[in-house]
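Each of the two complexes below includes chain A, the first together with chain B, the second together with chain C.
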Partner chain A sequence: MTNLTSALYNIRLLDDLAKKNTPIHALHPLVKLLTTVIYLAVVMSFGRYEISNLLPFIFFPLFVTLFAELPLMPIVHRLLVVLPLIIGIGILNPIIDNHTVTILGANFSRGWITFLSLSIKCILSVTVGIILIATTGIDRLAVAMRMLKIPKIFVLQLLLTYRYITVLMEEFLRMSQAYSLRAPEQKGISKHNWGSFAGQLILRTFDRADRVYQAMLLRGFSMEYNVGRIEKANFKDFAYLTGWCLFFVIARIYNLSLFLDSLISGVVK
Partner chain B sequence: MSHHKVEVRNLHFSYPDGHEALKDISFTIVHGESVGIIGVNGAGKSTILMLLMGILFPDSGEVLIGDVHLTKKTLPMIRQRVGMVFQNPDDQLFMTNIYDDVAFGPRNYKLDEKEVESRVMGALELVGISELKNRAPFRLSGGEKRAASIACVLSMQPDILIMDEPTSALDPKARRRVIGLLNSFTHTKIITSHDLDLVLETCQRVIVVKNGKITADGATNEILTNSELLDSCGLELPLSIQDCPICSSSKTSKK
Partner chain C sequence: MHMADALISPTVGFTMMSVTAGVAAYSIKKIQSDMDEKKIPMMGVLGAFIFAAQMINFTIPATGSSGHLGGGMILTALLGPYAGFLAMASILLIQALFFGDGGLLAYGCNVFNMGFYTCFIAYPYIYKLITRKGLNSHNIFIASMISAVIGLQLGAFSVVLETLFSGKTELPFGTFVMLMQPIHLAIGIVEGLVTASIINFVWKARPELLEKVAASESFGTLYLNKILKGFIVAAVIVGGGLSWFASVNPDGLEWSMQKVAVTTELSTSDEMHQIFSIIQEKTALLPDYNFKGTEEKTVSENENTWPSVNIGTTVSGLLGGAMTFALAGLIGLIVNLIKRREDVSASK
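What follows is the complex of A and B.
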């Protein structure tokens, strides 16, 4: 139960982190969103056998995490949640793509390279997604999306889903606590009760979500999410966007890992 | 015309499962009046509030807020005038911090951000929680959440304040603060509660609802001291005027 309570507390961690006051947090939300989207597009554009080219892209999330003063462990914890999914998607690659390649004198199935490349791409993508929310906040992110003319119905859907997760977890926590208090000898919820438990959970969360929605309507909500004034983008914002885009383009065209390797080798020689 | 008047005429309402919740309810609440609606669980109190706010619409009868008929068309205008504080503050606080929650209403009415800030700070100071403006709602105590949910409604500067069980789940001190807060408002107030002592202290008039009908409507001092009437409606005298449980001395004459 402690785990559940802490999970509930942790889900709000990203909201808490978004309130920090650092140079990264102060950047315009649209600039951060665009930088992230461009980053994702460039990372995804690499072929499935290109691993060394991907490595310089670790620099961007590292830079933002450092300058936004984000704690490393909560981000790693969230990555661990998606890890089984990544493994599930890529684990068959070594069997399907079984051409043998030799790397550093050892023979590998080429599928392992595609699996590794897929894993790096997924980890980088999820990390920058988490970092984007942790440095911007879901509300300001929604404003940025509206600036990009994304239809408000989609933006609203995203926001309400984000809110619904906490409602769902709160209700689940209450029900689990009530259950465990009356079933002290059981570990978890008995499979005989899964059906009614899940059904009740859905009905209760719908009910609660409906009350929250009514409260929003009573305060003039008309499908437009207003989060107050957002300052106009300034020189720092443009410099951030331009600087990173340049880096992404250079890292896409040239293999910076090899360049760095030859540079170090040259110095050593 | 007063924007602060509430008129309910011959209201009938049944839920989709066929349960007849309200049967021919009529009353008028005038400017500045403070009215308590009391009754047992399932009597129809919350249904009345939901009909007043346009969350539900009646099968027949009408609701007028300041001479304006409550219809789907007039809802936005009416909801700007009437503020409702929910029974459970968690249903009302959904933003990531208290400031944004209190600003939610004014921002929806497209007010200038300076005006929004002045309203938010004004409402937070009025309920005494301005220092909590940057806190996340889920980290507040029950009393602080209640104060925040009241501030959410006050920031919209409504003419009429509706509250559903404003003191439920509050500790005695927090309850006392809410009572003080309610008494300081000059709005027209409609309060539903099982806390009859709260009603006694904050309302001049009481409407008693039983099985979806109005059983009594009159001055608080008369209704809340009528033990026979209250008993027949499944209620009892407010604790503050019940006989002393130790010496059994009577605080009121039985009617």
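What follows is the complex of A and C.
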């Protein structure tokens, strides 16, 4: 997370995207969650030296992004924030794994292959995660979680955390602006103010939580978080899940990139 | 310390997910039994607080740089270990979903690394032990410092083990440990200092908040034993159940076992691997698709056994991969064109 304003912007953007009305958004949330988890498990099951096998898996995020009419830039932006962490770990591979391999006449450290494989996996996994939330939204995802028998307390707590984040971040933004205006040219919060700054926020938080809870009780809160009616899964949902799972299984067993290459080479000949 | 999906193998991911689910289920059961219903919104708000607090940059004295808070110890000190663990699990899920920090498959690992050690090891055995004779600013400082450092060190070591068991990087165990532990010692000290300042401030301003938590939990070894038993059972069931997956996957547990424990490959999985290779060979669309004469010669004999890089396949794969990309791009272009036309005709 870079900074507060961008985090707030990101949360609101994903909230807005989740409200779109496209065929992907209309799918049952549980179906989307399951498809994503299966996708991740299949992609991550590939070995360290697999590159060409991984590439056909780009079709899943691509199709979903297109049909859900999601903008590309926010996803790319998220990737740019997350990728350096993986690159930081992966970049050591070419140094540590000093076996050389010859590809098209040039010598490479074998570590480059593992590094590339790791980067592709990172791009794919981060993308599908963002796509899931951008097409489903946290409320509908919570319904899917309840269907998976995840206890009510946890789901309720998750939703409340999510709802409070924007409230608290705005509170923090005000405090931090006030602090930085009084401490020009200073990077971060000085150690003399660590306790009082964050502590003040915590105390405000407690008081706020109390007020919010009282307000919730007055509006009839009974430990339930109502997210509206979710339609039952229909044929389209099952078709979506089975269709993609079939594709994942085929792409896991057969190298579709090689198949495509041989197919096109065959046609050209 | 957020682990990404790309660093995790499905076996490790699902095993840790079920272990975390076990600890979470136990925590839920515990907070349900002594349910103070006000605690639910409080957990939500404190979770959100940690989320916001993680964005505060605290200036690290004499270095010119700044660090931020992990927050596990603050959650535990203010909510108790069970509610603290659940609040941490919520934060990490939101971070994974909305920010790509950590992933869905690595979710179990992340909750365990950042929640379990602080809530169920550092808090009861360090923080509570030091503050058992009563809270004062000196005790709080020492307790927060030591428990934050130990909690983070255990978490970092856990990251090393999970990464190695997943076998996604080339980092040898020793190097990885030497990279991770000192870095997290420095981070732990900052975390400890910040945690101590915040808890001290809260204690001075509203002592009842800390005293209530301190009084409500009585810790013995009993509950940890239960958690550990659950942990072992879950690990055995899931690890055993999914081991076939590791066997098909040429990059799973065995490589890391060899690296970490210096053991040889298990003969059964080797056989399994051969069986699966034969099945794959028989069912492959392009069984002999390879570039002749480009067999890997530079890789030594024993390295070549498993896992190996097939250069012929890699080169063909590069061409195929380029075509895959081209096809993907073409599909994107066509769908976009169709959509644009639909939009234009709709606006008419």
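Assorted remarks:
Here is the rule we use: the second predicted complex is superposed on the first by the 196 of 269 C-alpha atoms of A that agree within 3 Å, B and C clash if a C-alpha of one lies under 4 Å from a C-alpha of the other, contacts with A are read in each partner's own complex, and residues count from 1 in each chain.
As a convention for this text, contacts are C-beta pairs under 8 Å (C-beta built on N, C-alpha and C of every residue); 3 or more make two chains touch, one makes a residue touch a chain.
Computed from a prediction, not measured in an experiment: that's the story for all the values here.
Of the two partner chains, chain B is the only one touched by A:R229; chain C is not.
In the superposed three-chain model, the partner touching more residues of chain A is C, compared with the other of chain B and chain C.
Of the two partner chains placed by superposition, only chain C is touched by A:L132; chain B is not. Using the contact criterion defined above for the overlaid structures, shared-chain residue A:K191 touches chain C, although it does not reach chain B.
Looking at the shared chain after the overlay, A:N21 reaches neither chain B nor chain C. The interface of chain A with chain B overlaps its interface with chain C at residues 138, 163, 208, 212, 216.
Residues 53, 55, 76, 79-80, 83-84, 86, 88, 90-92, 94-97, 100, 103-105, 107-110, 113, 116, 134, 136, 138, 152-153, 156 of chain B are the ones touching chain A in the complex.
Of all the residues in chain C, the ones that touch chain A in their complex are 2, 4-10, 13-14, 24-25, 28, 31-32, 37-38, 40-49, 51-59, 61, 64-66, 69, 74, 78, 86-87, 89-91, 93-101, 103-105, 167-172, 175, 193-194, 196-198, 200-202, 205-206, 209, 245, 248-251, 280, 283-286, 289, 294, 296, 298-300, 303, 307-311, 313-321, 323-325, 327-328, 331-332, 335-336, 339. The residues of chain A lying in touch with chain B in their complex are 12, 15-16, 18-19, 137-139, 163, 166, 170, 208, 211-212, 214-222, 224, 226-229. The part of chain A that touches chain C in the complex is made up of residues 1, 3-4, 7, 10-11, 14, 36-37, 40-41, 44-49, 51-53, 55-56, 58-59, 62-63, 66-67, 69, 78-79, 81-82, 85-86, 89-90, 92-93, 96-97, 99-104, 110-111, 113-114, 118-119, 121-122, 125-126, 129-130, 132-133, 138, 141, 151, 153-154, 156-165, 167-169, 171-172, 176, 186-191, 194-203, 205-206, 208-210, 212-213, 216, 223, 253-262, 264.
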